[in-house]
Structures are given as structure tokens and as C-alpha cells.
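Here subunit A shows up in two complexes: once beside subunit B, once beside subunit C.
And then the complex of A and B:
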């Protein structure tokens, strides 16, 4: 489907506009953390620990007296940044391999798809745990582990879309007009499957945010004192009865982003569905 | 002078029938020549191998055996680009044959980009020339494929085929997805362009009327084989093969020509006449003249009068 029509149908829905705006605000807040944050997120002021929200500390302070607002801003940057890195890399690897498998077919197709099946058989969590156990904890190792399990979704979907697209006669026409295989894959097939891939990308982005926060919550990802939404929730866990805002603020940000991104993804799928 | 020579082309597809693996002979031992500047009409019903033959000539599919020669040179010795500069194609469904994300001028620009070394301004000039040739006005050059009507888009596709300045254009059912009123316009356009540029056409179609209008030579195919061939339209009314007569009888206004129209309530049984190992005439399952010999012996294309060839035991035994 053409991008222009796709976007027009997507933004016809009010929910899309609202949630895109929400995500944009949060992403901007993360990007501008350096400008917006009133305090250094790592600076400990033990005299001011566990303060309620006030004009000095918009979201209060945590158990080490660090400003929660500044920490949340920096955590958005970390979590969304690594989630974006992970999904983008997974999408790039997956879509390239998928188009290659679908377009060339034959043995290559079989090898790539069977490799996907093998990886698919492992639960993602187990694979990430194994990799982190092998090469050590740290957010980059978690990203590597997640990449390994995520690219195959893109590969499978893009492969099937490519096979469907390949039978259409404009691909034959492109061959007759002297387009090389690479040109057909990048110039004809890729642009035509991008809207579909975008819908998957969006939903997957939400999952990745949850996973990155989840692994950091478990202590595998971002290490203290670094600010990351999942890690912050983990640190605030002990104060859940006395000072619940320690987990409330990072929690609510994760919730808003993931729900918005999922709804945008759903709307994208609806916009792609020609029958409606 | 023959621009295209098709020599003993064979193409089969592996299929499964009754849980047994077998081969479907899509094109079986087909040979013919196309003279420069002529139009050859390849007629037959769907599944008779005519489109496959068109795709083989264009290098989109590989034949199992046989040769395609262009000016005496095997197409496999030519590179894709060399072949594309000589042979172009117009596809059946124009909406399917253009990238939905391309505008009319981008569609026509593609062969120019890939096959020529023209720079941007020279390309634009060519696009202007070819699109106006097929009657697409300047205001429509930036419209996307889906925004055109079927006939207009087929014009754009014809412009794309012309852009590479080929000698031979394979027209693969160029009319079948169009309205009847638009069909005539496209047919006239094809006719005018051919005369103007001295092009050679291979018109693949199931529509005898369209073929009658445009073609100089008619080849009738059934079940992957040539059943009848006439080298001049003078023989049109003398086409004899039972299958051709049936085809003719199905054209409104020609009902009396053959009088052998199939009852449209007849359920046509697949007799497996196109499968590997069948040695008879592929048409014998439907032919009302079929004899024992037709089931056991494949008829060969024979000249019954100068420039008129038939592959049928009934017709050729008269000549013997």
C-alpha cells in the first residue's frame, strides 16, 4: 500500500493522534533530559532522601536523595534509546535476510527459515539469560541477546510478504526493464512491504521496552547507579509501602509508552487492512 | 528476414496428480518464426501454454529444451540488458504490472534508467515523448498507478515498453483486463504505433477478434502444441482444425462459421492429455472427430496448402 494513503488512514483516527502526541512528548523529554533535568541524576544528597513531591523536587527524591524527576528523564533516554537501538538493528537484520530469503528462494530460503525455526524454539528469556551468563551482565549484552531472538520475527514476516509480492507482474516487468536483483529488492519490494513492517516494528518496540526494563529489573541490564526505568522500579521495590512514588513514576512512564505504542501499532494494522 | 526464431521449445512443470508425481507439458515442441515488422497472434484458451511461451521469449522463464534466437543469436548468449533492449513486454493486468508507489513518469523512467546511459534531462525528454505518444496528457504524469483507469494505465505500460526502443514487443493478453470500449482504443493505439515505428508484435490472446484485427500470422495453440498456423490472413476463413472451428464458433457473429460450438453445458473432463507420457493429440478429449489414431499418435504440423499448417489426423489425411 502506498505510504501516503497509509498515513492518511492512520491519522484519521483520533486515538492515533493522541497517542502519537503522548509518545512524542515522552521521547522529547528523554532527548532533552540534559536541558530539562534540574539536578544531576546521580548526585546523592542523603539529607534529602525519600522526600515527597515538592516544588524543589517535582517527583520527590529516592532513598539516596537523588531527584526522581531528573532520574526519570534520564531513564527514559536510556530505556527508549536501547529499545530503539535493539528494534532498529533487529528490523534491519531481519528484513534484509527475509527479503533475501523470499526473493532468492531455494536453498538460501530453506537455510534461513530453518535457522529461524531453531531460534524460535528457544524461549527468549532463556537465551538472554544464557548469553548474559556467558559474557557477563550489562545492557549491551542484553541487547545482543534480545537481537538474537527478535530479528527472526521480521525475517519471517518480510519473507512471506516478499514471496507474495514476487508473484506480481510488476516484478517481472522490472526484470524485463533491466532492473538487477538488488534493485528489485531495494527499489520495488522493500518500499512496498515497509508499511506492514512498520506496524510490526511499532508493536515490537513496545515489547522491547518492557523486556529491557524487565531485564534491568532483574539486575541483568543497566547497573546501579545508572538511571533506567526497570532498574529504578527494582530499587524502589523495598519502599513500596512507605514511599510508593519510587516505583510509581518509572512505572507510569513505562505503562504510558507501551500502551500508546501498542495502540498505534494496532491502528497501523487496521489502516493496512484494506477491507475496512 | 526472421527477427525471432523459436526452435523446438519444451517446458514442463512438475505437478502432483492422483498422489503421483508427474509432469505437465506446458509447451511441447513449439517452433515458429516471426518476420520483422509483422504481428503474430498466438491464440488459445487459458492454460494452453501461450503465456508461458511469451515469458520464455522474454527470458523470464527458462525453457527445458529448444532455442530462442533473436536475429540468429541465442537469447542465452545475450545479457539481460541486451535482451531487454530488443524484446519488451506488455502485461495482462496493468494494475499488477506497475509498482504501486511509482508515478507514471517514474514507471516510464525505469527502463531508461536501467537500459540507457541518458542523463536526467535527456530522460525527461524521452518520458515526455513516449507518454505523449500513447496519449497521456502532461497533467497526469505525476499520478500514481492506482489513480489511473485501466485503459490509461495500460497506455502507460505501453509507453514503458516503448521506452527501451525494442524491436519486438510481446503483448501478453494486453486487452483482457479492459472494458470492451477501451479495448478498441488500445488496439488502435497498438496498430498505429506498430506502423509508425515498424515494430514486431507477438500478440498473446484468447480473443480471436482482436487477433484478427492486428495480426498477420495466426498461431492456434492447444495443450502446449501448435494446432494450426496460417501465414496470411487470407486463410482466416479456411481455418480447418476442429479446435480452431470451435474457437471461431464461440465468437459472436461467427456462429455459423464452424457450427461446432461446444454446448456450454458440457462438462469438460480433464483427460490428462497434457501430462507426460500421453502420446496422442492433446485435443482428442474434446474433439468430436477423435478416432483411435488420435488417442495413440501425436499429429504433426503439416502444410495443407502454401502457408497453412495443421496438426490434425482428420485434416492432414485428406491431403495425403
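And then the complex of A and C:
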């Protein structure tokens, strides 16, 4: 029920509809990269390098003669795909541990929350640098490093919400009716905290896009010649004076997606304030 | 307050212990083994004899607890040996780079304060008017801006087109402005909004009504009373973010060729300079933990309500 009210309030705002549509278009463009891209994103045609935008190359070509439009499409898939993977895993780990800690309480709660406190004291960046530095560069290692601290936020908030939710009368009613602990956690508590988690997830997704492309920009994530938005900016930045579109297109895509996601997240927070 | 301070200070012991175990254990997580990495980095062909010598050198033949205590004894003095690639002392390199990063982060913090406080106050005073809406849009753009994109664009505009600032380099104030600003954008966006919201919240509180009744001018109320109360929560976020800034300047440092610690670390990762990476991890973690500690203590000391509840 709470979800319905939340969604209704969320989509009452025009800005939500506009930006959700915008994000969907970009996500679809990434998903359909294989169909939409006119060229192979890795194919180098050195004779055609650094061309301006034309009907043959909608966004021009890069310093190795690869079609920028095709590369941007594939890069959207890579960047958003890894960001989604990372955020979903973090949310799953965090919410499961949070609900368990909040519902069962006692020693388990204390152990999980102390563990959170200690991990919270580490800067996430150092963990990623450490993993990448000692195990090796690559996008999967970056994702693992990011996951180490990313779940904390979900765990803390879902734990506190669960503690508050646990005392409500519908939970006692479910208990009296003989529902098992697992059933109460997944069937009753989880659906009621999902709107809050969705708001966190949305903002976190935006952050993660910036981090994933940031690490790839630094050369620690997706490796060349793979198409990734941050990595493309790194490759193109030496040509900024003569051929600025090499960094313009990947950058503007990141900016549009992250701005949209942040605005949706902000509207979600407003909608949540209304459902209380 | 004292009880809280003691408790809070004690909490850093397990954290620092974990940092040390983590930094020490990393070498053992490496693919292949540490001896091989050592030889590869030194450019020695891996014969049996050389491997044995390397194991001896790295102390890998001894029991692990002994290795740990010896490592810890050195780590306390920031002794991580020599860089694999440049053969300079890691301690000197890391501390030198840290100083440069501190200059950049400090300057950036100054920019954040100078810009976000007036922005926050003005949008709170003119809440829901044009200026506030403009600030809201700027805040969304700023907090979503990839710094690795903004940086090159600023360089293109201000260095190459207008020629106002040098493209890269180090030493004068003119070198600081663009990297400092690139770093500050995200924080300016978030702080000016947080400050605006907390100002508006405090404007509705009772002490403001009393001050108005006493005939104090609106300007004085905002500047002397409301702003002061609203800045307390800002101290917390500020401290935490300063810790992040010290660790997280790699992108800006690389963009502007600033010889700081983030750039040093990324360079060391690319060249597999393990002692250097280890030095970075320990130094940054300790700084982060200490900055958090100081921030927590200041927050509690500043806020009378929190002070009494402890």
C-alpha cells in the first residue's frame, strides 16, 4: 500500500516523468547498442581519424578512426551496466544484513552494526586503490573494492527502519497468525521499507556511475580499447584543443544521466516525506 | 563530554589495528607470490637462488606473527622501504606528496567556504524566488558533474582560449585556482543547499521570533543567530569531506599534473610499486581516521544539546 502512495506522489510531479523518460531512453540506447550502432566500436580506420561530425559519423571519429557514436552507445552499456551491477549487489547485501540485524536484534545486531562502524571509518577510495594495486587493475576488481563499503548505507538505514517497523501492530498480528520470522522479514518488513530503499538506491546509482567512470578515467577500471565513458574521456583529453568533441560526447552523457538520476532521487525524498 | 571523548578515542584502536592487518596482508593477496613481484620489479631473472634471496630479503621464511610485528614496528615510523621503481625512500615521497595534496585540499576548502556560505544564505533569504531556483539548478549540475570532464573543459576555456591560467604546473596561486575550483564544485553544490535548508529550518524556530519581537534587524538575526546555529551540522560533513578530499584528489591531480598523493598512488599502481602503494594506504587511512575523530569531538563540543545528552 505504501508503495502505491509513494509512486503516485512521485509521478504527480512533471519533472519525475520527464527525467525518468530521459533515463529510459539512454538506458535503451545502451541496451540496443548492438542494433543501433552503425559501426563496430573497436574497428580502427586510420584514414578516417579525427573527422568532424557528418552524416557518415554522427559524432565524428576519434584519434584511431573509430566511430564516436557507436563507441558512445557501447560505452553507455558498459558504464551503466557495471554501475547497476555494483549498486544492486550493494543494495542486496546491505538490505539483507540490515533487516536481519534490525529484526533479530541482540548480539547479531551489535556485531553487524559495530562492523559497519569500523568499515565506515575507512575511506572507500583507499580500499579500491588497495585491491586494484595489489590484485591488479580491471573493472571487476574496482567493483569488488567499491562493494566493500557501498553496502553500509543500505544496512544502516534498513536496520533503523526495521527496528521502527518491528513494533507496529501488523507485525504482532502476523506473528499471532503463525508467520515465521523469514516470512515476516521478506513478506511484511521488506515491502514496507522498499520506497525508502529505492530513494537511496537512485542517488547511489548516480554516485556509482561517477565512480565507475572515474576509476576507468584513471586507467584502473575498464581497459582500452574497451569503450567506457570515463576511459573515452581519458583517451580524448590530449586532443582537447583540436578535437574537443572526443571528450564532449561521453562527458555530456554522464552529466545528463547523473543529473536526471539525482533529480528523480530528490523527488523520491519529497514523495517519502509525504507518505509518513 | 570527557567520557564520550575517551570512548571515541578508544574506538580508533580496533580501526587502526584492522588498517595495519589489511595493509600487511595485502602483499599476500597478490597473484603469484611476493618474491616474484620483488624480482620482477628489480629486473632480476627469477632463478632459484634469486628467489631464495628475495624471500630472505622480504622476511617471508619466518612465522607470520613475527613478520607482522616487525612490519608494524617499521610502519609506525612510516618505514616502508624503498620504491621499487625510483628507489627513493617511500616515507619521503609519500610525505612530500601529502604536503602538496594538503595545499590543494586546503585551498579548495577555502573556495568552498567563500562561495557556498553566501550562496546558501542568499538562497535562504530569497527562498523560492528566482535566485533560489537558479541556485537549485546549479546545485544539481554541480553535484552531478564528473570532475574528469569539467577539468578539461575549464582548461580548454581558461588556459587555452583565454590564457588566464597556466595549463599545468605548481608553485604559485595561479596554478592553484583551476584544480582547486574543479575539486570544490561538488562540495559547493551540496553545502550551499544543505546550508540553505538548515537556515530555513532555523528561521522558523522560537529564538528568531523573540529576536524579531525585540526589534533586532532581520540582517542581524540571520548573520548573528541563525547562521551560527546552522553551521554546526555543517562542521560534521565538512570534516568527513576533508578526509575524502585528502584521499580522493587523484583525478584532479592527474588532470592538472599536481604532484600530490593521489597521483603518486595511481602512478605506483600502474608501475606495480608495492611499497609505495602500501605507504599510501597506511598514511591515508590514518589521516582519515584522525580527521574523523577530530570532527566528531568538535561537533559534540560545539553543540550544547549533544554535549548534555552524552
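Quick notes on this one:
Simple rule for what comes next: the second predicted complex is superposed on the first by the 273 of 276 C-alpha atoms of A that agree within 3 Å, B and C clash if a C-alpha of one lies under 4 Å from a C-alpha of the other, contacts with A are read in each partner's own complex, and residues count from 1 in each chain.
Methods note: a residue touches a chain if its C-beta (ideal position, glycine included) is under 8 Å from a C-beta of that chain, and two chains touch if they have at least 3 such contacts.
Not measured: the values here are computed from a predicted model.
Because the two structures share subunit A, they can be overlaid on it, and in that overlay subunit B and subunit C fit beside each other without clashing. Looking at the shared chain after the overlay, A:170 reaches subunit B, while subunit C stays out of its contact range. By the touch criterion defined above, A:116 reaches neither subunit B nor subunit C. Our angle of interest has its tip at the CA centre of subunit A and reaches the CA centres of subunit B and subunit C; in the overlay it is 100°, to the nearest 10.
Using the contact criterion defined above for the overlaid structures, shared-chain residue A:161 touches neither subunit B nor subunit C, since it reaches no partner. By the touch criterion stated above, A:199 is placed in contact with neither subunit B nor subunit C. Of the two partner chains placed by the overlay, only subunit C lies in contact with A:126; subunit B stays clear of it.
Number of subunit A residues touched is higher for C, counting subunit B against subunit C. In the overlay built on the shared chain, the residue A:258 is in contact with subunit C alone; subunit B does not reach it. Remark: least CA distance from subunit B to subunit C after fitting both complexes onto chain A is 13 Å. Across the complex, subunit C is touched by residues 117-118, 121-123, 125-126, 129-130, 132-137, 206, 210, 213-214, 217-220, 230, 233-234, 237, 240-241, 244, 247, 250-251, 254-255, 258-259, 261-263, 266 of subunit A.
Taken together, the subunit C residues at the contact with subunit A in this complex read 11-12, 14-15, 18-19, 22-23, 26-27, 29-31, 140-141, 143-149, 152-153, 155-156, 160, 243-244, 247-248, 250-251, 254-255, 265-266, 268-270, 274, 277, 280-281, 284-285, 288-289, 292. Remark: subunit A residues 1-3, 168-170, 172-180, 183, 188, 191-192 touch subunit B in the complex. Residues 55, 58-60, 80-81, 84, 87-89, 91-93, 96-101, 110-111, 114-115, 144, 146, 157, 160, 164 of subunit B touch subunit A in their complex.
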